[in-house]
Every structure is written in structure tokens, then in C-alpha cells.
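Chains here go by letter, A, B, C, D, E and F, matching the order in which they are written, and residues are numbered from 1 within each.
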Amino acid sequence: MLFKIVRKIDHIKPFSKAKAHCDVPCGIYDPITAQIDALTVVRMMDLMAGLADGDEKARIDFQNSMSRYVAVKEDHAEKAKHEIRVIWGDFIKDAHVEKYPELPGLVHKIMQLGSKSRQSADREHGLAFVEAINEFAEIFWAIKDVKTKKANAPYAPGLEMVYPDL
Amino acid sequence: MLFKIVRKIDHIKPFSKAKAHCDVPCGIYDPITAQIDALTVVRMMDLMAGLADGDEKARIDFQNSMSRYVAVKEDHAEKAKHEIRVIWGDFIKDAHVEKYPELPGLVHKIMQLGSKSRQSADREHGLAFVEAINEFAEIFWAIKDVKTKKANAPYAPGLEMVYPDL
Amino acid sequence: MLFKIVRKIDHIKPFSKAKAHCDVPCGIYDPITAQIDALTVVRMMDLMAGLADGDEKARIDFQNSMSRYVAVKEDHAEKAKHEIRVIWGDFIKDAHVEKYPELPGLVHKIMQLGSKSRQSADREHGLAFVEAINEFAEIFWAIKDVKTKKANAPYAPGLEMVYPDL
Amino acid sequence: MLFKIVRKIDHIKPFSKAKAHCDVPCGIYDPITAQIDALTVVRMMDLMAGLADGDEKARIDFQNSMSRYVAVKEDHAEKAKHEIRVIWGDFIKDAHVEKYPELPGLVHKIMQLGSKSRQSADREHGLAFVEAINEFAEIFWAIKDVKTKKANAPYAPGLEMVYPDL
Amino acid sequence: MLFKIVRKIDHIKPFSKAKAHCDVPCGIYDPITAQIDALTVVRMMDLMAGLADGDEKARIDFQNSMSRYVAVKEDHAEKAKHEIRVIWGDFIKDAHVEKYPELPGLVHKIMQLGSKSRQSADREHGLAFVEAINEFAEIFWAIKDVKTKKANAPYAPGLEMVYPDL
Amino acid sequence: MLFKIVRKIDHIKPFSKAKAHCDVPCGIYDPITAQIDALTVVRMMDLMAGLADGDEKARIDFQNSMSRYVAVKEDHAEKAKHEIRVIWGDFIKDAHVEKYPELPGLVHKIMQLGSKSRQSADREHGLAFVEAINEFAEIFWAIKDVKTKKANAPYAPGLEMVYPDL
């Protein structure tokens, strides 16, 4: 209740509010890197699937590409999880959790989907990972009073992403 | 109280339950590395405080040691947070959260205390970081049906730690 | 002017061209991470300057914060340089260099400004680093036939950045 | 000779002795992380063997899991070697080598077994790696005048490990 | 013109010149690490080819070795590219580019060949990578007024390398 | 004397012997990277000393440079130790230790000097570190039947180094 009133007052001068909730010194938080990492995970799944289909590939080239795709997938899934953990641990305060009570569960889900995306090459897990991080991005920008829009990423796999509307 | 009863029931078929919640393939999870990392954070704070007290130190040696202690503190605080995030994201399932509803808040607190321990050299933050991770370790071992004990760490700063009673 | 005409012609068959220059398998390239890294460099310079001004700070806290800001500055300047090198080495083909002959010099300048931003805490170097990377981003998106816009970053230091207009 | 007398006196107040042999500033050394890393190596070997047995696995999932297990095995074997090297280089002094002349050979053996555990997926190498590190742990705790016990690790592969008896 | 005269004068006392072109503080630059990394890339290609030929290998050992060779190849190709980027960005000044106008193109080529050496296991790419880095080493030592010689590397694959003639 | 005779006998069939002691697959081992890393440690010590002398430096630039030099010193001392550990663990066999019984002690000394070079900015420790690694390089090349020479490094601090005479 009190929080809602504070929010209303905040809308008069949104920037001062950001300061109110953000302990100095604060870094630069932006979920876009996690979003790009998650997209890369899906991209690797697609490349892996494409590779599996191509039987004409020589065995050694197949191994070389497959090992690399798995490694890139591992790396970016981990980075996405790490980025979200940093924003969650350093930027998200208890007051934000009160306002967005779905946050702890969402963050837990992102971690689990990131692990599933590493443990398998199943595109469904990758897509769910991207979606969950987009959902997180939406809350993040709402906390910062920055409007968002949806647009397709300008590179394969071209999924719909949440972007700040600057 | 409720907790004790639930624990008792658990003892009837502890292992099958653990398996039920743990997707194969599962890795090796052990909070001890996070606990040692957090202890190291406090150790560095102590060394930094000791260094600040010693005025007879040459300026260049002071800078060398101070930079190193801060870097080790940064590194281990980050590692502790990372370890807890991995256990939380990969080992802790929704059923565990239901049984230990304090878990999401505790994990969030660990992340925040880890950041505070990096942002300052205040021993209080370091101690709170160690304690929160010990609390996590206690829940972790309870989930695995392994009894725990408390003992002082066999190295400075010799804080009381939670260990599995093997 | 000339640029606009070339852009118009490009619009006739934008995708096939992008493919012609891009060896499969291609990853996801996006200069935004380098741009955020460069912004972070300036942010750290500002925090360092703020810290130097505050004389009331205890010596040990000053050392702790200063060491951390320098380390974050180092890390992000390096990451920005790495990202640009990856895009330049993996995405930019000889045909692009022919069309944008300023590219090799610009990339060299980015590397040099990144090093200057590490070697000093001089904001001018940081600003020049951000600007050079924005310039690179502009060419990058032009190559991909994606329009760009300018907007202030939604976080301190709030500099004007080049964004794809999605 | 002199050393033996010193040791006798030490037993009266063991903690002061630890200080006598340890140059300030000393970090926190604990072989448990190397022991867990070595256990993880064996765990990965078991998972790899299990994977090879399962023919019903789709080719792409097989590749995904196999690449990940090998990478985790590589990583943990390296970490275990690194940890032992740190304790050996930073904690073990010449006086310790005099008292435990088997130490240099044991450390060399640990490095070689770590490499064998990387070069193959042969469980025997992994088991020998775990054993050699347990042997090192036993000497380490003896140097610190901390009693040890043996117990099975509370997670697969559940091998017998050396633990400090706290 | 002026540069040529400066060069002439420089030859009288070569060391002062090195200082003239090198901003203090300067690090230690030496292309030998990139050269060794590139050699390692070719070595891994040879091991991969040898492995592919051997059909008698058990499937699991094949996977273990193949994954490791690809990872080492990835790692060293990346390190070689990184080293060259550092020398190019930190040591090479505009005056050097004027004197050796082939430098920007050569550096771009090294980056591209490094990527090709990662994307495939084709020995030709690896050899071209080694050669391009040797060419860079030759220019590097010429800038430093250090004579070079050619000799076969004292380890497999024993390719001809450019070394400073000390 | 004995050494010379053994060396002479070795020359009769140098290559087959090298193979006998080296398990296939073998990587590329070269102590030069450790030697360059150790040189860099001394270079940083010199830069730190120069910085401490200059009182006219602004406080913030002093902190920036000092933090960076310490970090580079840390990093290269660690890399040098790591490189020597790899060669020692992967290349050096028991037969080599028999022939060069000083090896285990020398390797232990290198680890200790590396740590001393991190813990202080004392040039003497850095010089001893370089010397010990040169000594290791001499044995390494002798094992490989490659002659060595001594020459000053072609960059500051220009210390005398052991190089293979190719």
C-alpha cells in the first residue's frame, strides 16, 4: 500500500527513484546480454540439428563442429544464467520482490531452463529459456520505468525479443 | 516443530525420495567449497584490517598486499555465490522449495551478502555471509538426509561451520 | 548521399547479400555488448573520480573500492576489445573492408583507445572509446541493412549510443 | 633431530606450531576441494561408461552428453591438480618435505594421474587419482596436527575419503 | 621522408629508437607465444587425423580424445589471435603501419585464418595460420631492429619458424 | 663430468630415446612462455618501483597504475608456475627425475619463488624466479637433446636467458 503511493510519487520524477532503490556504487545492468546468450543457445541447437541431418559430412569434420557447438551452447547458457544472477543479486531489492512476487520463482526457473538447455539439444528447452529471460527483462525495465517493445532479433534464429523502447 | 515431524516421516524412506527429485545425470554437489570461499572472504578482511593498522609498512608493499587481498576477496566471494547458485539451480527442485519455503529468500540474501562483502571490507558482512551459507548447508544436508554437526574450521579465522557428520 | 543510394540498391535483395558474405555456420554478432562494456569503462572512471574527491573515506574502504573499480574497468575494456575483434575477424569480410575502407583504421583505433582507457582514468579516453565503438556499430548495422537510431543509454553515464531501430 | 624435539614441544600446544611453519600472510588451504574434484572425475567416467552402453540414445543427444562429460572431467582433473600444486607450493615447506620425504614423488604422481585421467576414460586411473589425493590429504592434516578419519563420500561414486576429524 | 631519416639515425643507436616509438609503460611483447599456439593448432589437427584413421579405437576413448583435441585446438587458436591482437593494439603505432602498410590486412588475415582453423580440421588452414603469424613475427622483429633467422621448431609438427637471432 | 658422458651417449640415438619417454599423444612443451612470464614479473616490479618514486603523480593515476601492475604481476607469476607444473607433470617422466635428481626440488623452489614474487614487490625474488626457470629450461632442453645458449632478452628488463640453439 505504502509502496504503491511511493510508486505514484515516483512517476513524477522517475530518475530520483532509481537512485532511491539503488545502493551507490551501482554498476550497469542490462538483461540484453543474457538475452543474446540465450538466443545463441537456440542457434547452436539449430546448428546441431542441421549437422545431425547432414550424413554426407566427413566423420572428423562432424566431430569438430559438434564439439564446438556443444561448447558454445554450454558457455552461453552459463553466461546467461550468470548475468541474470548478477542482476537479481545486485540490482533487485526486497522492495522489488514484494512488488513482483513472481521474481524468485522466475529466476529459479531461468536457472533450471539454462541447465536443461545444457543437458539436451532440445529446441523446446532453448525457446523456454529465451522466453523466461524475456519475461525477466520486461520486469527489469518496468522497475527502471523504461517502456519496452517487442521485435524480432536481427539475426538467426530471429525470435521475438523484449527491448527497451529508447 | 512441524519441521521435526516432516523430518521424521522422511526417515522412513529417505533414499528413494532423494532419487525421485534428482534428474539423472546429476553431478556432485557439496556446499563445503562455498563455505571455504566465504571463510576466505573473512580471512582477507582480517588481513586487510591488519595491514591498515601497520603504518610502518613501506607504501609499495602496502599497495601490493592490499591489491592482492582485495582481489582474493573478490574472487572467493564470487565463487561462493556461483557455487550456491549452481546447487540452487541444479539440485534444488520445486518440491524442496515447498518443504523449505525460506530457500529463495535465503539464496537471495546470500547473493546480496556476497556483494556487500565485495563492496566493503566490513567484517560484519563477511560473518553474515558465512552464516547464511552455513544455513544453506544445513538445509542442503537435510534434503540429502545426512546429519550435520558444528565445529570450528581448522584454519583462521576458525569460525564455527556446519559439516556433514560422516 | 552516395551512402544512401548504395543503401537503396541494397534493399532490392538484402538477405541474399548478407548470406553471400557470411560463411555458414555463422554465430550471433551484436556490437551492443562491446558498447555496454565501453559505457562501463566510463562509469568506473566516474566512480574513481568521485572516490578520489571524497577525503572523508576511511583508507581501507578507499583501497577496496579503488581496486575494484580499476579491475572492473580493466575487465570491461578488455571485453569490449575482444568483442570488436571477434566481429571484425569473423563477420567482416574483405568486401566489407572495400566498401568501408575506414574499418581497419577504426578497429586499430578502438584497440588503442581501449588500452588508453586501461592505462589511465582519464574520462576523455573513455568517451573516445565509446564513440569509436558506436561508429563501428553504425557500420556493422549498415552492413546488415538494419537502420539505426541514437538514444541515451538508460543507465549512468547515460551517453548517446547507436542502437538498431527494430 | 632438532625438528623432532620441536615437534614434541609442539604437541603441547599444536596451534602455535601451525603459525611457526606458516609465513604470514597465509591463505586457507584445504585438500577437500581437490578431493571433490577427483571424485567428480570418477563420476564423469561412470557417466561416460553408462552413456556408451545405452545404444538407444539418439546420436545428437549422445554427442551432447559425451562432450559435456569430457569437458567436466577435463576441468575437474585440472582443478584438482591446481589445488594440490597451490598447497604444495605455498603451504608445504622444506621442513615438511624432510619429515615426509615421499611428498615430492606423491605430488608428481598426482600430476601424472590427473593427466592420465584426462587422456582416458579408464576408471582405474580415476580411482588412483582419488587415492593419491587422499594420501596427500592425510599428510596435510598430519602436518596441521588435525586427526583424520575415513568415510564414504555422501554422493556418487561414494568412494572412501579422508576427512579431518573435527 | 622524415621517418626514413629518423630510421637512418636510429641505426646508429637502435635501442633509443625502440623507446621513441614505445609509450611508457610498455609491457613485454613477443610473438613466440602466438607462434607456439599456432603450431599447437596444427599438432591437434594431426592428432585428430591420426585418430580418425584408427578404427580399432574403442568408441568412448575416441570420443574422449577427439573432444580434447578439438578443445585444445579451439583454445590455442584463440590464444594466438589474442596475442597478435594485443601486440597489434598495444605495440604497433600508426608510424609502423605507415612503414608496413600490409600490417592491417595481415592482422585481419590472421584473425580469419584462426577462425578457419577452429571451424575445420583442415591442415591447410593451420599451416596458413602458422605462416601468417611467422610473417607478423618477421615485421615485429624488424620494427624492434632485431635480426631474425628461420629454423624448424624443436617439436612436432616441426614446421619452419621465424626466431629472433639473439 | 658424469653429465657430459651421459650426454655423449645420448647423442648416439637421441630421437628414439625421446620417444621412449614420451607417451603418445604428446603436446607441445616449451619453457619459453614461463620464461617470458617470469621476465614480465620483474618488469612489473621495476614499473612499481618507478611509480613509487614519482611523487608528482596524481593519486588516482597512481592507484590505477599500481593496481594494474600488481594484477599483471600476479597473473604472470601464476602463469609461469602453471606452465612449469604442466611440463613437469606431463613431460617429465620418472626416468628424467632419476637422471636429474635436482628436478623435484627445483620445481618446488620455482613454485615458492613464484609465490614470493606475488607476495612482495622485491626485485630479488623476481630475479631468483627467472633464474630458477632458466635452470629448468636448461634441463628441459638437455632432456630433448637440443643445445642451448645464453642471450639477453630483447626487451626490458633485458635479463640473460636460456634459449634453445636452433
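General observations
We adopt the following convention: a residue touches a chain if its C-beta (ideal position, glycine included) is under 8 Å from a C-beta of that chain, and two chains touch if they have at least 3 such contacts.
Because the structure is predicted, anything quoted here is derived from the model rather than measured.
Looking at subunit B and subunit F, the chains in contact with each of them are C, D. Centroid analysis (C-alpha atoms only) places D farthest from subunit C.
In this assembly, A is the chain whose CA centroid lies farthest from the centroid of subunit F.
Of all residue numbers used where subunit A meets subunit B, over half belong to both copies. The two sides are thus made of the same residues.
For the pair subunit C and subunit E, the distance between C-alpha centroids works out to 26 Å.
Averaging Cα coordinates per chain places subunit B and subunit C 37 Å apart.
The centroid of the Cα atoms in subunit C and the matching centroid in subunit D are 44 Å apart.
Shown for subunit C are the residues in touch with two or more other chains, namely 25, 65, 67, 71, 119. Under the touch rule stated earlier, the contacting chain pairs are A-B, A-C, A-D, A-E, B-C, B-D, B-F, C-E, C-F, D-E, D-F, E-F. Per the touch definition, subunit E reaches subunit D in the complex via residues 59-61, 63-65, 67-68, 71. Of all the residues in subunit A, the ones that touch subunit B in their complex are 23, 25, 81-82, 85, 88-90, 92, 97, 104-105, 108, 111-112, 114-115, 119. Per the touch definition, subunit D reaches subunit E in the complex via residues 48-49, 52, 66-67, 70-71, 74, 118-121.
Residues 25-30, 32-33, 36, 39-40, 43, 47, 65, 69, 72, 141, 144, 146, 149, 151-152, 154-156, 163-164, 166 of subunit A touch subunit C in their complex.
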